[in-house]
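One chain, subunit A, appears in both complexes that follow, with subunit B as partner in the first and subunit C in the second.
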Partner chain A sequence: MKKGWFLVFIGLLAFLGLVFYQPLFSVLRRGLTEGGRWSLSPLATILTDSYFVHIIVFSLKQAALSTLLSLGIGLPGAYILTRYSFPGKSAIRSLTVVPFVLPAVVVALGFILFFGESGWLNQWLMSVFHLPSPPLHILYSLTGIVLAHAFYNAPIVMRLVNASWEGIDPEIDEAAASLGARGLRRFVGITIPLLAPALLSSAALVFIFSFLSFPIVLALGGARYTTIEVGIYTLIRTLLDYKLGSALILVETALSLSLTYVYLKTEGGFATLTQGSRRVATYPLFSRKASMCKLVIAAYIIIAAVFFLGPISSILVDSLRVRGQWSVESYRQIFTLGYNPFLGVSPLRTVLNSLFIGGISTAISLPVGMLIAMFAVRSRLPGRRLLEAILMAPLAVSSVAIGFAVLYGLGGAPLHLSGTLIAIALAHAILTYPFVVRVIRPVLEGLDQSLVEAARSLGASPTRAFFEVILPLIGPGILVAAVFGFALSIGEMSATIMLMRPGLGTMPMAVYSLLSARQFGAASAMGMILVLVAGIAFLVIDRLGRRGVGCRTL
Partner chain B sequence: MSDLVVKGLAKSFGDVRALHEISFTLGQGEFLTLLGPSGCGKTTTLRLIAGFERPDAGRITLDGRSIVNDPPEDRQIGFVFQTYALFPHMNVAKNIAYGARLNRSISTKRRVGELLDLVDLKGFERRKPAELSSGQRQRIALARALAPQPRLLLLDEPLSALDAKLRESLRAQIRHIQQELALSTLYVTHDQEEALSLADRIAVMHSGTIEQIATPQQVYEHPQTEFVASFVGRANRFSGTVMATKDGLISVKVGEFLFSLIREKGLSDDLRALQITPGNHISLFVKEEHLQLTEMRENAISAEVVLVEYRGETSIVYLKTQIGPLRARVSTKQATTLSTGSEVKVSFSPSAGLLFPAS
Partner chain C sequence: MFNKLVVLFVVALVALAVIGTGKEQLVVYTYQSFVSWGPASVLEEVFEAQYDCDLQFVTAGGAKATLSRLLAERDVSATNADLFMAEVNEIPRIVKYDLFLPVTKDDIPNLAFVPEELLFDPNVGFVPYEYGYISLTYDSRVLSEDELPQSLDQLADPRYERMLVCQDPRTSSTGFSFLLWTIAQFGEEKYLDFWRSIDRTLLTITRGWTEAWTMLSHGEAPLIVSFSTDTAYGAMYEDSIDYRAFAPGGQGYRTVFGIGIVKETNQPELAKAFIDLLLSKEIQEQLPRTEIMIPANLQAELPPEYDEYLIIPEDPLMLPLDLVGDRMDTWLHDWERAIVGK
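Up next, the complex of A and B:
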């Protein structure tokens, strides 16, 4: 039994070595060679050229601003969620998981439709205030990128900080009060330090996500606003400069690894805070007693509702409107096997491609993620922490880099994966398995080992105990992981674009192509399918998540 | 004839030696308690017998056949866990039926009914474990372990997560069921009251070894090692030196005081084996209920009352003496005559002292 597991694990390492580590290393090595020999000159080019220095600085700057704005929007939300009770509170809390499954290109689409020059917000402002021209110029600028990142990441801040806040034993605050500390003093002296690990860790996470974000910058940044991620894409796919592209990947990976290190350092800090069984007391938000505080909260809620719901509703409305009339014409354009010149393939083909890729990718990422989670929970090997960190490496490497690694490492002999859907599915599997691990790991950790022992003392063989006791208990967790992995694959665009060939289009790629061609109706209709997939994924994750499995660590 | 024989059992976890050569036997229908502080190896012993861990050395035989190489599912040994370990996805009936179902010879449905009857939980068949109180959960866990008609029942601190009242009533119920079924039972606990009240015999364990294995009365009244004397019951401990031995009496010097003890009563096996000679350093134990606050001729010293603690029928009196603080348990009737700060004489009978070689 034990030996069997060991062999399976060795097989897993060999597989990941073949499809991920070796290709990634050859890309990184490519960035350190010149004419077939080791050389620092590609790296020197990157670090001295004013264009590259500019995009590196811009990447960090937009990530920092995105983090600040996400905290600015997310923290009041976390406060309201923690301290007030109101109808729909648990729904709001659940909805904070949506950004994880909502494809970034859909967010970009929603932003263009809502915040764009002729978007809904500008039109509304023009008609209300009788303005001759659109007052807001948000898109294709730093503001647009930062706003879209905040849309994506503020819910994450809200989720993490709220969870940590509710985990603080109210008796700690009561102890401080009984010692004579007043409101603000308690907040600054007790609450803030206790929340600090959650604040730091969510900030680090948001920074990493924004730093490595690709579709949003590509779609909303325009030509003038380029990050490292978009720079790599341009170098490799447009200029075909593999050498400088690889060198830029090297720089990016070094930065993202250090950021991830900071994140992992802070992450451990707040998991242990939960002690007491009592919850923080909440106040009803909607009561007769009005106060200045509630007025501010009401204003926040209205702004947040417009900010979060506006872009998504715009997609729905635009998908159903053609030339100012209600119509399902856009959907008819999507559900056809006829050739679409903007996509280079039929729209329905992209839907089928996405489903195929999602299926294959999940079939790989699920067993890989489960094995790693089991290893992380069960193994007593020395050095297992380090091995675990290495196994989670795809979290710290950008999607564009992973896409290129698969292209560069596996595109040619002996596998000849270049130009196949399998290559895209493989890249997606690599990108998503760490998330599978993060879902399944706490499920396995929560599994009481004595349940298996109980079953065996009652006469059940190990196999029986697995099927009758373990599987029913972790099954929902596995389903959540599978659905999550599938949804991530369906919405993935960054690695996909690196592996794109005519005929291979996926749904997010179709949205992007239609967007670039300013076919907003068809883009919205396609976007709505992605919203639907994300919505179903969300419902499954949320439903099963309530039964004690799930997305605590998402 | 379900005899369990454990011989030379040893187990280490990494560098930590959990068990050193444990040996004992458990007769048919006997109730043996493993008593000891946490980390003494009592749970490890139980888990080795159940087959959840493999011993590094030693033999375990049940009914004359070695079971060391059997997986847990083939041992027919019931196990009740401290945390219940009820299957959360199955209702009460399915939990109980789980083991019985795997044993073809048992009619599952009838067995579930019988066992729910036995643990007084008829009508709970459809409840899920989450819908039960902790006391009910533990009774279901007991019923589940009994369902496949095990040859031996192991209980790992089954009552430690329950409150005091419940603990006492469940304790009686467990003992009653065990006697009714004449089931050989091994029971792990760190609670001496539980061990004393439940068991036919107690094995007191300490850092991986058995210190003494005897009836509750023997363990309480005639502890064989200093550890047992200090762990079971409440005793006052003094360090002293043997001054003389004659006429069946030993005189021991503690501080400035000379105490005399009856030789045959007060010696542990360790000391009996050693020749007791003047000059030997010893530890003297006197149980708190053996200290008397009435004036006696022998072994009397003066003390100051520091605190009187009311405990119902008896009271605890904390005393300050020249040889250190003492605790005496006296009748409340007597304790009410004492006031804090007053001077009293405290004494003990020569037969109440227990001697051990100085540790």
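Up next, the complex of A and C:
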């Protein structure tokens, strides 16, 4: 079996080598050469120039603040989801994944409409308190960036921690209680240590996402708030300084690779949690008995609802208003078949492009992701963790860098992918397969190996055992992974923008183009369609999720 | 055990190999707004009917981003661009990277109608097709005419706090023109002092002009760096002149847009025919309505709204291109460290 896994590893490495490592290394090599020779001087420039040091420090700072805020908003939510029962609980749990696949350009639009200087929140405050000027200055600053990252990531914290919390055997807590430990002491002494892996794991994930976030910083930061990712984009795309751009990619990748390693390590600890025989007891949230605790919870729910629903409902309302009147005109525009001069193609064409790209990218990312998940769970090769980290590397490389690598490394010979939908689909596949792995891995870990062994002992070949035993058992998990990968591809814009040409436009690019073309109604309408796609995808996932496969680790 | 998975792999790889082919193409690299606003679709229709070919517009965003994209592709000799449209301040980069074929008046008959003052060295190959002026545009519902700054340095006044949006000179040609304007006005020694003095006035610095306009028209900011044709735009398309261009102290910065033939092209004759069509009276008269710029061809007539609302700064500035070419990198480098990494 060891030899088999070695071959799988080599096969995966060969494929990823062609489409990911080689292009990426050719980019990185530029960051380590000076006049055609190997040199550390570009790297030295990055690490000594005050401007680059400033943006590196700023990236880490905003990621740390985003992580803290995401934990601050996510943990109370996880607590409520774990300890209380209320109508619509499962719907809320499944909705926590929606922000994750919302295209950042849509979130940026929602934030501008809701939190902006003339956004809903300011307008409301001005009319209620009769203020002459907007009281809240949230956007175009560090605050705006951190808030938007929390919008994305707090639901991930909520989901991860809630899943882990519900997995804690209540008997441990009860035993401590029967021995006389009080509430707070039990929380600090038992719950926190048991939740620690989930807390660390989600914090690491949020940190990585915030650290590598591109469209949000681009849209809400302005030039004065620049992260490494935006710095790379600026260096490569506009200053044409590949040398320093590549050196900055090198620094960014080194930082995020080590973070990813921490994440994978903590996630391993997370997976070893033992499930109790019983679930944690829940209390109805809406009962007659009022308490201080419930007041605090009610306040949290109201603030959270405003924070999460405000931007999205702003987009919804904006998409239905044309010149101050309610109208579906914007949606009609989207579904007009004809050539739209603002997009360079028909809006429907961008929908078809998105579907095509999503389909191809899922067809690539699903088998790649499945093989890596099986490799991670089943192989016993020495240094497995490190090999796994190598295979999961795209998780640690920014979308902009991957887009640039595909453009730079695969645009010319031998594949000549420059200017094709395939190039975009390939970039999406590279970006999404780590998430396929993340979905399938816990499913495989939960698979009862004795069933496979039983089939094998009854004479089934490994292939037959795979298709007749393993596949039906993990089938729903694979479907969840496929839907997830597809939805991520549909919403992706950072790599797309590096590879985009007219006629190749996707839905998020259409939102961006419509925004640029001052067609706000149509932009919001297209944005709403993306919100809807994301919503539907995750209701499907949730339904499947309840039929035995946990997609808890999403 | 993995046979069938291998089959899946092969299917995926075969899908990768599917690459489309078509008839003879002429590929024009341009900026986003030329495709989304400009006469791209009309040009495509007219040109494809006249010369049996497939005319394609390609854009990577603004003029600066598209140039970077083009140079990146040339670097790995993977570009199929035949023509490129750019802002005049890119000429130093175009010369540095030896991008364009020389173009003379004999190649492009319609060049005869373009005034001398807009023309550049024919060896550079930059053919102007429209021009305009960078100025400021304000929301007349927020600021009244007598509240407007009478010169750039008045922008430092606290009453304009969090009101102004400008564009990043590293990523936007509008933003770069504004940076050059401040250098032309305050001098190389003083321009960064001006930028530091408006730190509180600046609400944000956007990547491109379109984001700044988005903020103005969404009520996010009442004052942006924009074009002197904005009032005429409102009169033509919005039925209102709420957003008005003005030239503080009669000043503004001149900007010229031009097109050139990329050296690697296989079809220079077809490319010249395209430039000639772009300079024709028919297409030139589209420019003030779609690009909201002033056409280069003197024969082209302006829409009536331009007679009433077009603002031409009395004292337009424009730094010599040689100087821009020599100092550009230093200016951007210093600006970056003064404003971003402060």
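The working rule: the second predicted complex is superposed on the first by the 468 of 554 C-alpha atoms of A that agree within 3 Å, B and C clash if a C-alpha of one lies under 4 Å from a C-alpha of the other, contacts with A are read in each partner's own complex, and residues count from 1 in each chain.
Definition applied: a contact is a pair of C-beta atoms (placed from the backbone, for glycine too) under 8 Å apart; a residue touches a chain by one contact, two chains touch by 3 or more.
Source: prediction; values computed, not measured.
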Applying the document's definition of touch, where does A:448 land relative to subunit B and subunit C: first, second, both, or neither? first
Counting only touches as set out at the top, which of subunit B and subunit C does A:376 meet: first, second, both, neither? neither
Just subunit B (first), just subunit C (second), both, or neither: which does A:405 touch? neither
Give one of first, second, both or neither to describe whether A:50 is in contact with subunit B, with subunit C, with both, or with none. second
Applying the touch criterion given at the start, work out whether A:473 contacts subunit B, subunit C, both or neither, answering first, second, both or neither. first
Subunit A residues in contact: does subunit B have more, or subunit C? C
Just subunit B (first), just subunit C (second), both, or neither: which does A:457 touch? first
Residues on subunit A lying within both footprints (that of subunit B and that of subunit C): 461-462
Residue numbers of subunit A touching subunit B in their complex, please. 448, 450-451, 453-462, 464, 468-469, 472-473
Subunit B - residues contacting subunit A, complex: 50-52, 71-79, 81, 83, 85-89, 98-99, 102-103, 144-145, 147-148
Subunit A touches which residues of subunit C in the complex? 1-5, 8-9, 11-12, 15-16, 18-20, 32-33, 35-37, 40-41, 56-61, 64-65, 68-69, 71-73, 75-78, 80, 162, 168, 170-171, 202-208, 210-211, 213-215, 217-221, 332, 336-337, 339-342
The residues of subunit A that touch subunit C in their complex are 4, 8, 15, 50-55, 112-113, 116-118, 137, 139-140, 218-219, 222-224, 226, 234, 236-240, 242, 339, 341-344, 360, 363-364, 367, 370-371, 407-408, 411-412, 415-420, 422, 426, 461-463, 465-467, 497, 500-503, 513, 515-518, 520
